[in-house]
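Shared between the two complexes below is chain A, which has chain B as its partner in the first and chain C in the second.
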Partner chain A sequence: MEGAAPVADLLITLAFYGIAYGAVLYLLSVGLSVTLGLMRFVNLAHGVFAMAGGYVTVAAMSRAGFPFVPAVLAAAVLVGAFGMLLERALYRRLYAAPILEQVLFSIGLIFVSMAIARYAFGPLAQPIELPAWLSARVNIGIGVFPAYRIFLIGVGALVSLAVWAGVERTRFGASIRAAVDNRRMAESVGINVSRLFTWSFGLGCALAALGGGLGAGLLPIHPGYPNEYLVYVLIVVAVAGLGNIRGALYAALAFGVADTTIRYFLPDLGRVVVLLLVMAVLFRHPHGLAPKTDA
Partner chain B sequence: MKKALAAPIGVAILALAGCRAGAPAAAKTVKVGIILTYSGPDASIGEAIDRGAELYRTLHRTDLPAGVELQLIKRDETGPTPDVAKRLARELIVREGVQLLTGGQWTPNVSAIAPLVTEAGIPYLVMSSGTASTTRLSPFIVRVAFTTWQHSYHLGRWVASNGMRRASTIVSDYAAGVDSEEAFVRGFTEAGGAIVSSIRAPVRTADYVPFLERVRRDKPQALFNFNPGGPEATRFVKAYHDLGLAAAGVQLVGPNAVVPDDELKNMGDAALGVISASHYSAAGDRPANRTFVAEWKKAYGADSLPNYFAVGGWDGMAAIFAAIRAQEGTLDPTRTRDFLAHWSNAESPRGPMQIDPDTRDVIQNVYIRRVEKVDGELRNVEFATIPSVKDPWKELHPSPTS
Partner chain C sequence: MRTTRALDGLVLAGLAAFPMLAPGSLDLGARMAILVLCAMSLDLLVGYCGLITLGHAAFFGAGAYAAGIFAVRASADPVAGLVVGGAAAALLGLLSGVVLLRSRRLTLIMLSLATVLIVQEAANRWGGVTGGADGLQGIAMSPLLGRFAFDLSGRVAYVYAATTLAFAFLMFRSLVDSRFGQSLVGIRENEARMHALGTPVGARLRTAFVISAALAGVAGALQAQVTEFVALNAVSVEFSGEILIMLILGGAGRRYGAFLGAPVYVFMQDYLAREDPANWYLWIGLMLLAIVFLAPGGLTAGVAAIARRIRGRRS
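Let's turn to the complex of A and B:
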């Protein structure tokens, strides 16, 4: 801090924390982009799976003695599997339903999940003890930053690469893209679209759980969770262009950096300005900043 | 044989039934309505108050006069929703015929209920709502909780008198936050401190980093914060820690909502060293509090801790019990109100407390605490006491009717 010029140091600091915030938002929202893109299902209950991931992470750590990272991975697998069950049992019935019914259904699911979380874990936020290597502050050359936020940026980058490679470079991804572009044609060439839906819904849920678990040190896990961050998730998904998976990364980072910077310079008006900016973007680009050109 | 036995058994059953029916018939039932938030995102506060009240009721059941039974009728207001609270209060007063109303978790809800209790002439014992003016809403309101000004005004004075002369403030932008900012600034500047910068952050800020980054650049000696508590408090303290503000010499101070006892575990070591002002800490080293905490853990689990809301429920129930005892179980509304307005308790877990008959508001010690690790657990350890604090706001804003 002493070495760098004050202005450069400020910009670096704002950029770093903005990107870290964006990385958390990305981890929370990318799963919704996956399911929205494929199934055109307005799943407002996405945060429920993030919360579930958080609770499983915390429980695995405090009750089963798992270290942080394995606990998050276990949460992603469990919640992904649970999401697949839920897709088979409930979501499937509403694919053909009007959007309003999908919205009502997923809002209902939010309330049910909040009540269950409160019943099972109590109304207070869950304590999460991050490992020592994540609690330190680290000098990364451009300044001293908390290791946890550096870690979140790193994981965000890894996940975005993995999702990109999964969608663009694998057979599974190719099937998804085929089903999105033309479902009937995909079915007629032998792709089992129904099973594909189940798997990709599970994937979306697993990604949400990953975000909830990894971000638990920043966004505490408590029964109000699915509602509390819903607005941010929806902003990212809408600005990205509904269902645009790569757009979600850009939108999350842009929102994170813009929000952090604007609130630094205009602390009292920051939120209003940011939301006006989001409105302006959506007025000009109703389909998001990076609409799907291939869909 | 069968016939021979039937008659005596029948007589015995009748006699037993007669006894059982006889006892309640002679008993007096005191009906008390309690309106709290039992569901929704803010249920943790309602639950803490309810648990405090229930714990007192369970442990002191035998203290009621013989034959007097206390019936507690609970209603869930679901959150800061004045219209719901008002409807529930009307129902409790009109249909259930309660002799006393209590709860009072939210100022807006208390404001909605106030005209009803004035009209019905029913005492309303407020266990939480911290807005200073609450007790002026109705002559039937008596408060056993605390006021925002008791904490923040005296914290401001204490901070400025203890070597920190430059302070910044960050408060959540809603009535209670603005109120506490005003209280802190008043106390702090009166004692010779200077405010460097003041920020009002939206409620439910997910990331406090930008605000705190500003503070880091302003380099104050103290940073005052007020937030609604719960997860918001954890997010704030973690961001304060992440930016290394403590290491940079910026002391975080605030009322109890900044470091609630039951949220400390969630904050972890990031909370170490935070200084706060409160009328109650679970770590308070008083015999009455040690008993209270021990009984609490016995009832609600070894991991559980009473917080400053819970002590409001406990003391509220203690006041109700005292009122019932004083009138032998027949509550006259006005006499009950007058009794409560003169009530005092030297043995509260929070230390000595009394109600100021002029304002019907609580007079109590305010403790300055620091988060420390005791036996491996984070606690708010009291290290300075400001004795017998009256609500400073009412002293600064006298009202002819009070």
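Let's turn to the complex of A and C:
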């Protein structure tokens, strides 16, 4: 972001960086939105799966010699499968539990994951070596931007399209929508809600892992990751309205752009102003902008 | 009711007896008393109102900074500082409560985390007054009530912290036993029904929120005065989590949860962190998972279950 650029260029640049950041936030939070809408589970540990995705990506690249994209895909598959396993083994037992126990369980999971990450990889942030084609700067007509951010925006667009198509156009998505709207009714018309839970939980974890791996150049992977970005993930989900999957995209992009812009103009007070802005939005709309459930 | 009275007396007697029982660990005792007070203030929200928040470090920190700044810039009198710390946190509770209490569940948690981050960032950026990342230094308290100077053995500090805790507990006790406290429990159990019964739910919750914030602020002020220092991590998300864990470990909404949970937590932290500082988070995480799956309700629920069994056998 060069200082002397004309105002229009500056705004385009800020919007661009904001959208790239928002795309990563979207990947990190869409799964949580589904978990909340569908299972009514307050899973503060959702960032753990993003961190796991980041670590698997880094390890696959540095220890097994995978290229960047296959490493990220492998991370998404692995972490998704791991998420399904955890859902079957632990999460499932707490669906009917009071929210306090869900919160405690997720805090416990965060702490355990932080300890494991520190044990396996040390306390420092993991550097990620982007391939040459992502380290370049590319002219896309409206300005010259880092290829990595363009790539993030592209992936975000593809994934959000895929999620939209999956939710709106497939039988699986129709079952999810039915269960979000009325779980009992969905069960009584013969939808296997239990299996639906496992699969959608796993998919949410895989998307988080994708975000953690792809976004590792933006949000560095370190043991404090699940805590550090927790509040941003929660902001996206809460502003969108719990369970609103499409809203999560808009909320993530809006937050990314607002955060980037405000911090640019107010480097000292930016964080406080952004958080106050979020509070103001939720003061006006306590259930988010378009809630799908009352979870 | 009689058992409750007796146990209340036992708690107070324990506070009074601690200096005789452990004269060498008065520093530790003061630290425990402060954390008990903080966890107890959170209990009002988590245990009695059923509001899960991760924002209590904001109030603790606001109280600590207010009392610390007051001591550095205005007056070094401890009791005045305590009032200032409590008032500052109450004000923050009033302002944030108006916003936070419109939401529940996940949104409430998010907003409470945001409150902590706002206070933390303010303390960090306003370095000229708060000392920023180095922490607030230069606090030198004058003698308590103009008579008792804070000494190295920690005796005055302990008596000061324990007396404050005792008063706070008496207040907390009459609060939760009052009709006001009962209405909070009613809101926790069924908010819509309390609404329908004509209870001013919003006003009750906001009042409880302010009281809870003020008590946490008093705890923060005590900490600032006793240690004569305020570290920036007094306002952190991690500390918020720790307060909640202390409370849960003891048992939320169970009157004595904080009195059991905070000391046990401090002991564990001292012991485990000394043996194995790197894996402290692993142990605390595993402990949380164990509480959730094996002992929901915390230690007091376990003790109560044992007491019931003994009583059952006797009759």
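Keep in mind that, in the parts below, the second predicted complex is superposed on the first by the 287 of 295 C-alpha atoms of A that agree within 3 Å, B and C clash if a C-alpha of one lies under 4 Å from a C-alpha of the other, contacts with A are read in each partner's own complex, and residues count from 1 in each chain.
The rule is short, and it goes like this: a contact is a pair of C-beta atoms (placed from the backbone, for glycine too) under 8 Å apart; a residue touches a chain by one contact, two chains touch by 3 or more.
Just so you know, these numbers come straight off a predicted model, no measurement behind them.
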{"item": "Touched partner set for A:Ser135, first chain B, second chain C, both or neither", "value": "first"}
{"item": "Partner chain(s) touched by A:Tyr21 [first = chain B, second = chain C, both, neither]", "value": "first"}
{"item": "Partner chain(s) touched by A:Gln126 [first = chain B, second = chain C, both, neither]", "value": "first"}
{"item": "Which of chain B and chain C A:Val144 touches, first, second, both or neither", "value": "first"}
{"item": "Touched partner set for A:Asn227, first chain B, second chain C, both or neither", "value": "both"}
{"item": "First (chain B), second (chain C), both or neither touched by A:Asp268", "value": "both"}
{"item": "Partner chain(s) touched by A:Thr13 [first = chain B, second = chain C, both, neither]", "value": "first"}
{"item": "First, second, both or neither for A:Gly173, with chain B first and chain C second", "value": "neither"}
{"item": "Shared chain A contacts, counted only where both chain B and chain C touch the same residue", "value": "114-115, 118, 227, 268, 271"}
{"item": "Interface residues, chain B side, partner chain A - complex", "value": "39-41, 43-44, 47, 173, 199-202, 204-207, 209-211, 213-214, 217, 230-231, 234-235, 238, 241-242, 244, 262-263, 265-266, 268-269"}
{"item": "Chain A residues touching chain B - in the complex, by the definition given at the top", "value": "10, 13-14, 17, 21, 114-115, 118, 122-130, 135, 137, 144, 146, 148-149, 217-220, 222-224, 227-229, 232, 259-261, 263-264, 267-268, 270-271"}
{"item": "In the complex, chain A residues that touch chain C", "value": "36, 42, 44, 93-94, 97, 99-101, 103-105, 107-116, 118-119, 227, 230-231, 234-235, 237-238, 242, 268-269, 271-272, 275-276, 278-279, 282-283, 286-288, 295"}
{"item": "Chain A contact footprint on chain C (complex, rising order)", "value": "46, 52, 54, 98-99, 102-103, 105-107, 109-111, 113-114, 117-118, 121-122, 125, 237-238, 241, 244-245, 248, 252, 278-282, 284-289, 291-293, 296"}
